[in-house]
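You will see two complexes here that share chain A, one where it goes with chain B and one where it goes with chain C.
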Partner chain A sequence: MNPAGDDSATTTTTTTTEAADGDLQRALEASLRDVGTMSAQEQDRLTIDQLNDIVATIAQEQPMVGAKVGISEALAAEYAENPMKGFALGIDILNAKYSAMRRVRKDGNCFYRGFLYRYLEALVLAQQQQPTTIPELVRIREVVKGSKKKLLDVGYDESAMDMFWEMFAELLDQVPSLTPDALHLKLNDEQGVSNHVVWFCRALSATQIKLNADRFAPFIMGEDGLADVDKFCRTEVEPVNHECEQVQIIALTEMLQVPVTIEYLDASGHPSSIVFPEGAHPTVKLLYRPGHYDILYDTTD
Partner chain B sequence: MSSAARRRLVRDFRRLQSDPPSGVTAAPLDSNILVWQAVIFGPDDTPWEGGTFKLELSFTEDYPNKAPSVRFVTRIFHPNIYNDGQICLDILQNQWSPIYDISAILTSIQSLLSDPNPASPANSEASRLYCENRREYNRRVREVVEQSWLDEEDTTPAAAPAP
Partner chain C sequence: MAAVKRIKADIRELAQNPSSSYAAAPVEDNLFLWHFTVRGPRGTDFAGGVYHGRISLPPEYPFKPPSIMLLTPNGRFETNKKICLSLTAHHPEHWQPAWGIRTILEALIAFFPTPADSSIGALQWRPDERSALAVASRDWVCPQCGPVAALLENEKSQDTHPTPPPPPPPEALRFVVREDPTPATQPPSPVVRPEPPAVSAHQEQRQRSPHRIEDALIFGLIIAIVALLLKKYLRSNSLPSS
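Our next item is the complex of A and B:
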């Protein structure tokens, strides 16, 4: 809890754009270009209202997680007019390596949402093949069961956290009875558990950072050269719609012991791939373009 | 309404009763659990001392994944509160997180009263006076404190006009 006024990062709403995905932020900036003549106060207010409008519009126009689409089919048109030809080269390379992708809603939750969706989908698919509970489902249930004590140990309030924990555990319990299509509907249900389980991933990530504050601190350096782990969690991990950086990714993969591959597509023409943790063989693979994550499928998936 | 939002609001209410924060009260309308009325008492040893400030909190089905809309019903003179009562506070906007319950929201707003952030003004006059003329600022605050007592009388049933 951080009442206003104890430092410049709180209270002020001028950092509102940080809440947004990269694309969201650019749209916001474009819409604010003509407001130079307004007072700072009016602009501030406009920013909040516009951000809320943009988030609402995105929610109407884009599903939380889209249908499977071919890589070049999905990306080629998007970059057709892009003067930096490196993107087209990169898309060709990705197209050879991956069979499909799913777009994830650009609301700042894309990493957590994409990661969780793909992990659960793989779990559902693997469980469908087997008559008894698969070891990975047993393992992840134990991890989530054990996470409750950790959440409370780092100071989260039980009455605020219980519901999220319960919903996540219930969703895992439902895995044996779900088909991939049923999971897709569940994770796209605006009034369902989707946003709750996505936010629970933020809580898990923050908990891992707090539990290992000494190890994470060097990556969380504040403006004053001091690492304030609690403040980082409060301002960069826990708030809904805040984009995630590598620190949160590392923390979440450690907490769940679920690795992830991230393919970075940029203008270089050579997508680079990073595995968290190094040396693992993840099922979950995500495509990163500056400011946004989508889900990738191997040619073997 | 999603049962998740209702469940959480009931938990928030239980927490307010079992572990009441000092200087704030809140309860939902009898007719609608999505709308709450709250009172924040001005913090002691500040110009706000003695004030009784009413607020309204409106929740959506997305609570607690989305912040409630919170505004002062009582007129307030404060650097971070707009003339219409809307509050400029990080946790109600871009720093919202479901870890904040109603008790935490109201406690934060109470702290904001005596600890404003003039760098992020919602009321430029209040912000200017707070920085440049604290004596006059305090006088204006005392005015709204006294006004808050009159507002209270206005809304008691006895003072309400006959239908």
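Our next item is the complex of A and C:
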């Protein structure tokens, strides 16, 4: 999987939201190419400014999670001019298999955000139909409660993490009183808990990787052939807005014990789906296109 | 507001686990503007020094990093210029919300003895100049906080944070000095301002073109390549080809 995307037609200097999350990385690289004569520090400053600009523009133009829209309706126009006809074929297949999708903001958090939104939405819907607390809500509360010790065990600072942990736990406590619409507003509130609970998922993912370093090490080997788990988490998991790869997905689904299906749409014309972990029957389904994740809804949802 | 909640948590945590190496607190009632004091690291040119500065927290804290500014002349960082956390070309690592004021101060202290690079605002003063400033810094008085040496706990006192939690590795947090687009609301006017050491024309020159480790490395690399080529050339000439 290439999370940075291979959409070579996309320019590197654009700030448009049409570009994938991978553009953050590309913008970074481009700004470094353009300013070869500057000192590393000046380059850094420009890179940070540019990155901040891109994120700010995206935040203005796109909600964190969009409204439910039909698959073809959402995607057909986007790929109408694409010379690779495989995309259009793939969209037709997905359109028959899924009823709708929600676009997730392209700010590098799309996997975590989409995963969490869909999971909580399903939780709210299931709870609405039951007079007593549903077992899944009981279970996930216990998992989150137990996660605090794990986070501290791998070295997170309690005073820094408490707020994230509490916000996540409070959100779960609110599930019985929430409607899907209320949840939607909550998770789209720029000043609210949304970014906190999304970042908490990063911390959970990093914690699972650190706690199982031996098992994850072979998948995070660097170019030098060494696997530095702490460094991987520091550079690829914990930073705000850093894109998600399969390792992080596996870690998060393990930590929360919440499976996910990912449909990969590319130019091949044959979308392929992968279930994490294999053999599970996830409610949460995400659409992956090079560089970006959105939420998918089954025809039965 | 989430940022306020987190800042209050930072205040509590710093109070619960005080360090004799640094202290920080919000200035008056603005939680987003702090002043800090750090002790110059032992065994360096800055040993014995007490350096005071400002921390500005962005409204998005802790999702965006604080920036800091030194107010006490120190010979390592220019004063009154913003020092930002940075990602670098080779280490595209970003700030993360699990870090806080303590992380920043510990990283700053660790950063003091590192060689000043070519960035604007980094100073590579002579050891004796830095030592002189370190001595002078103890008498520095902040208009808002008072004599800065009194702001740190006695080094001999019980230190509940003698060995801080694993400090961020040097490459994780990089400080970059940048011009502050918004000048300090209250330009620092220390009551006791130590005279900067006399700076000769030669030193001025040196400051403008500080050490370039990269240059030395590249030079070394070129020498090595030339040596290898020479060796290969000699061998190909001295040995009969097979």
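The rule we apply is simple: the second predicted complex is superposed on the first by the 258 of 301 C-alpha atoms of A that agree within 3 Å, B and C clash if a C-alpha of one lies under 4 Å from a C-alpha of the other, contacts with A are read in each partner's own complex, and residues count from 1 in each chain.
As a working rule, a residue touches a chain if its C-beta (ideal position, glycine included) is under 8 Å from a C-beta of that chain, and two chains touch if they have at least 3 such contacts.
Quick caveat, the model's predicted, so the values are computed rather than measured.
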Chain B versus chain C as contact partner of A:S159, first or second or both or neither: both
Comparing the two partners chain B and chain C, which touches a greater set of residues in chain A: B
Chain B versus chain C as contact partner of A:P239, first or second or both or neither: both
Touched partner set for A:V104, first chain B, second chain C, both or neither: neither
Footprint overlap on chain A, where chain B in one structure and chain C in the other make contact: 39-41, 44-45, 48, 156-157, 159-164, 167, 191, 193, 195-196, 199, 203, 234-235, 238-241
Touching residues (chain side chain A, partner chain C) in the complex: 28, 32, 39-45, 47-48, 155-164, 167, 191, 193, 195-196, 199, 203, 231, 234-235, 238-242
Touch list for chain C against partner chain A, complex: 1-2, 5-6, 9-10, 12-13, 62-63, 84, 86-89, 91-100, 102, 117-120, 165-166, 169, 172, 174, 176-178
Chain B contact footprint on chain A (complex, rising order): 1-6, 8-16, 18-19, 39-41, 44-45, 48, 51, 156-157, 159-164, 167, 191-193, 195-196, 199, 202-203, 234-235, 238-241
Interfacial residue positions of chain B with respect to chain A in the complex: 2, 4, 7-8, 11-12, 14-15, 61-62, 64-66, 80, 82, 88-91, 93-101, 104, 107-108, 111-112, 115-117, 119-122, 124
